[in-house]
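Common to both upcoming complexes is subunit A, partnered first by subunit B, then by subunit C.
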Partner chain A sequence: MRDKILYIIGAAAVILLARDLYLITGFPPERNQGVIFKIIFFHVPMAITALTCAMVAFLSSILFLITKNFKYDALAVAVTEVGLAFLAGNLITGSIWGRVAWGIWWTWDARLTSALVCWLLYAGYLMLRNAIEEPTQRATFAAVFSIFAFIDVPIVIFSIKWWRTQHPQPVFWGGGSFPPDWKAVFGWQMLAVLMVGVVFTMVRLRQEEFQREIDSLRRMAHAL
Partner chain B sequence: MFALMLLQVSPEDVTREIERLQRNFTFLNSGLWVAWLILVVYVLMMVGRERKLKREIAGLKAMLEDKPRS
Partner chain C sequence: MAFVQQVLVVMAKDLRAELRTKEAINASLSFALVVLLLFSFAFDPSEETTREISGGLLWIVFAFAGTLLLNRSFARELGNDCLDALISAPIPGSALFLGKALANYVLVLAVELIALPLFGVFYNVRWTSQFWQLMMVIALATWGMTVTGTIFSALTVNIRLREVMLPILNFPILIPALLGAMQLTSALVAGTPITAANDSWLKMLIGFDVMYTAVSVFLVETVLVGG
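Our next item is the complex of A and B:
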């Protein structure tokens, strides 16, 4: 049943992405930035998906510490890994946009730096997990680290409000203007990327279940 | 007005603008490729890991079935 849901969401996401790509290609270039502006249709949904993953990891880490239920730990590691992939995509597409718009690949501005720190923190979370053998200790340490790492997420989101940054102010919810038909496509694109994130998380979650099965089989093998 | 505008634009300006647009498009193209490449690489990593985990489970199960007999 879960596999069927996975395939349905995956197929819907692929169809939506293909449709959006077709529509985005047909849009005229933006007046000031030209065609590179269209990267926003990938850059922003990737960022929102990555930060949603961080939020889910934060909540499931808290729930693990309260309940000691390993399902929450599995969810936390699954969404963290998926979020890391999306954040990498966000950073790289942003860098490519910056090369055209600013003439530089990277600048140590508050938004860019806090996003890079966020990526490094969650990469550290995965490294920490690999370094601890004992499952309960691994899950507890990782949950505490994930809660600590989440402190960076509001800094990433609000850095463009709190400090004077080179990064543009938000196009949505920040006074920017976007034609209504572009807005609709952006909404669908956002949904499609989120759906890809859900599919990845479900696959990764299944792998965590396999890992738990391996752990219990190993314990049985040692007991015999 | 349009004729006046045309008079102010030199052929070099037009060439420069075409080059700018071309460069813009190349960067957009590479941006999209990189974004999807990251996700494809991640999917391949997940597929590889899933195969490895399934192999490990099968190996452990086979070992556990053999052990009581021996």
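Our next item is the complex of A and C:
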């Protein structure tokens, strides 16, 4: 059953992505920035997917601490890894855009810096997990750290915003204008990238469950 | 006020243990000195440049030297299973945590207050013109550093690569606090008092301290028993 859902979501995501890609290449280049502007169709959805992942990781970490059910721990690690990958994608696409638009790969602008700090926070989460052998301890400590990290995200964003801002104002809420047909494609693209995130998470979740089963079988074998 | 008394007992015990051996505080102090010395090779230590980047320099020294102290906080209890004894002692985990955090706070502050005048002497910087405001910033940011450092010290005490994991976990979390502290310290060392233009950093520091103290006190029981 779960496999079927996974395949359906995956297939739908692939179809949507192909359709969006076809439409996006058909759009005329943006007036000031040219073709590179279209990277926004990947850049922004990846950022929002990564943020969604962080939120899910936070919630499942809290649920793990309350219920002690390892399902939530598996979900937390799966979603954190996927979120980290999407955030890396966001940073890389942003960097490519910056090279073309600003002429530099990287600048210590507010959004870039806070995205990097968030990446480091969640990379620390995965490193912490790697350093702990015992499953209960690993799950508990990782959950505690995930809560600490998620609380830090808004503080990081606001403090670095006060520090400096160079990133272009967001097109959607910051007064920029986006033609309606672009907006529609953007919405579908958003959904497609989120679906890719869901599929990745489900695959990773299954892997985590198998890993747990293997570990318990190994322990049984050692006990014999 | 049994709780306060329990906190103070744990704090006094930690301070006594440290001040009798002085192992962590000596290591931390000499490390701070070495880093202060290394900075003189990194840039031309004229008064102007130094003043401009003083906040960054000082807080890098404080954060690194502080980490050495914080690492020892729970690691010290590993021998003879002292940590298990502390956890099974009839006091709440939050009292144990706050006691340890306060002891660390005193030690880290002590190292900072020795390193600060040394920095002034080495780099020929007059840093005392906004003395009390500077002390307030140091007090606030150090508490933020200590409170997350102490809880992560408990988190990492039993795991592999303990010494490496503490800074890897603590520094990214601390970035907002360190950023605020660096901005304010640079301004204060240069002689500009805190005004309405930069007091949002101060508010952020206070918010950081309050929030992480609350979350740490709330979660410390889970951390201590979860191991």
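We adopt the following convention: the second predicted complex is superposed on the first by the 213 of 224 C-alpha atoms of A that agree within 3 Å, B and C clash if a C-alpha of one lies under 4 Å from a C-alpha of the other, contacts with A are read in each partner's own complex, and residues count from 1 in each chain.
We adopt the following convention: contacts are C-beta pairs under 8 Å (C-beta built on N, C-alpha and C of every residue); 3 or more make two chains touch, one makes a residue touch a chain.
Bear in mind that the values here come from a model prediction, so they are computed numbers and not experimental data.
J.: Tell me which partner A:124 touches in the superposition: subunit B (first), subunit C (second), both or neither.
T.: The second partner, subunit C, only.
J.: Considering only the touch criterion stated at the top, classify A:163 as touching first (subunit B), second (subunit C), both, or neither.
T.: After superposing on A, A:163 lies in contact with subunit C but is clear of subunit B.
J.: Per the overlay, which chain contacts more subunit A residues, subunit B or subunit C?
T.: Greater contact footprint in residues on subunit A: B.
J.: Would you sort A:23 into first (subunit B), second (subunit C), both or neither based on which partner it touches?
T.: neither
J.: With the two complexes superposed on chain A, say which partner A:63 touches: subunit B (first), subunit C (second), both, or neither.
T.: In the superposition, A:63 touches no partner, neither subunit B nor subunit C.
J.: Who does A:145 touch here: subunit B (first), subunit C (second), both, or neither?
T.: So A:145 only meets subunit C here.
J.: How about subunit C: which of its residues touch subunit A in the complex?
T.: Touch residues, subunit C against subunit A: 148, 151-152, 155-156, 158-161, 165, 168-169, 172-173, 175-176, 179-180, 183, 200-201, 204, 207-208, 211-212, 215, 219, 222-223, 226-227.
J.: What residues of subunit A sit close enough to touch subunit B in their complex?
T.: 29, 33-36, 38-39, 42-43, 46, 82, 85-86, 88-89, 92-93, 96-97, 99-100, 196, 200, 203-204, 206-207, 210-211, 213-214, 217-218, 220-221, 224
J.: Touching residues of subunit A toward subunit C in the complex: what are they?
T.: Interface residues on subunit A, with respect to subunit C: 65, 117, 120-121, 124, 127-128, 131-133, 136-137, 140-141, 144-145, 147-149, 151-152, 155-156, 158-160, 162-163.
J.: Going by the contact rule at the top, pick out the subunit B residues touching subunit A in the complex.
T.: Per the touch definition, subunit B meets subunit A at residues 20-21, 23-25, 27-28, 30-32, 34-35, 38-39, 42-43, 46, 49-50, 53-54, 56-57, 60-61, 63-64, 67-68.
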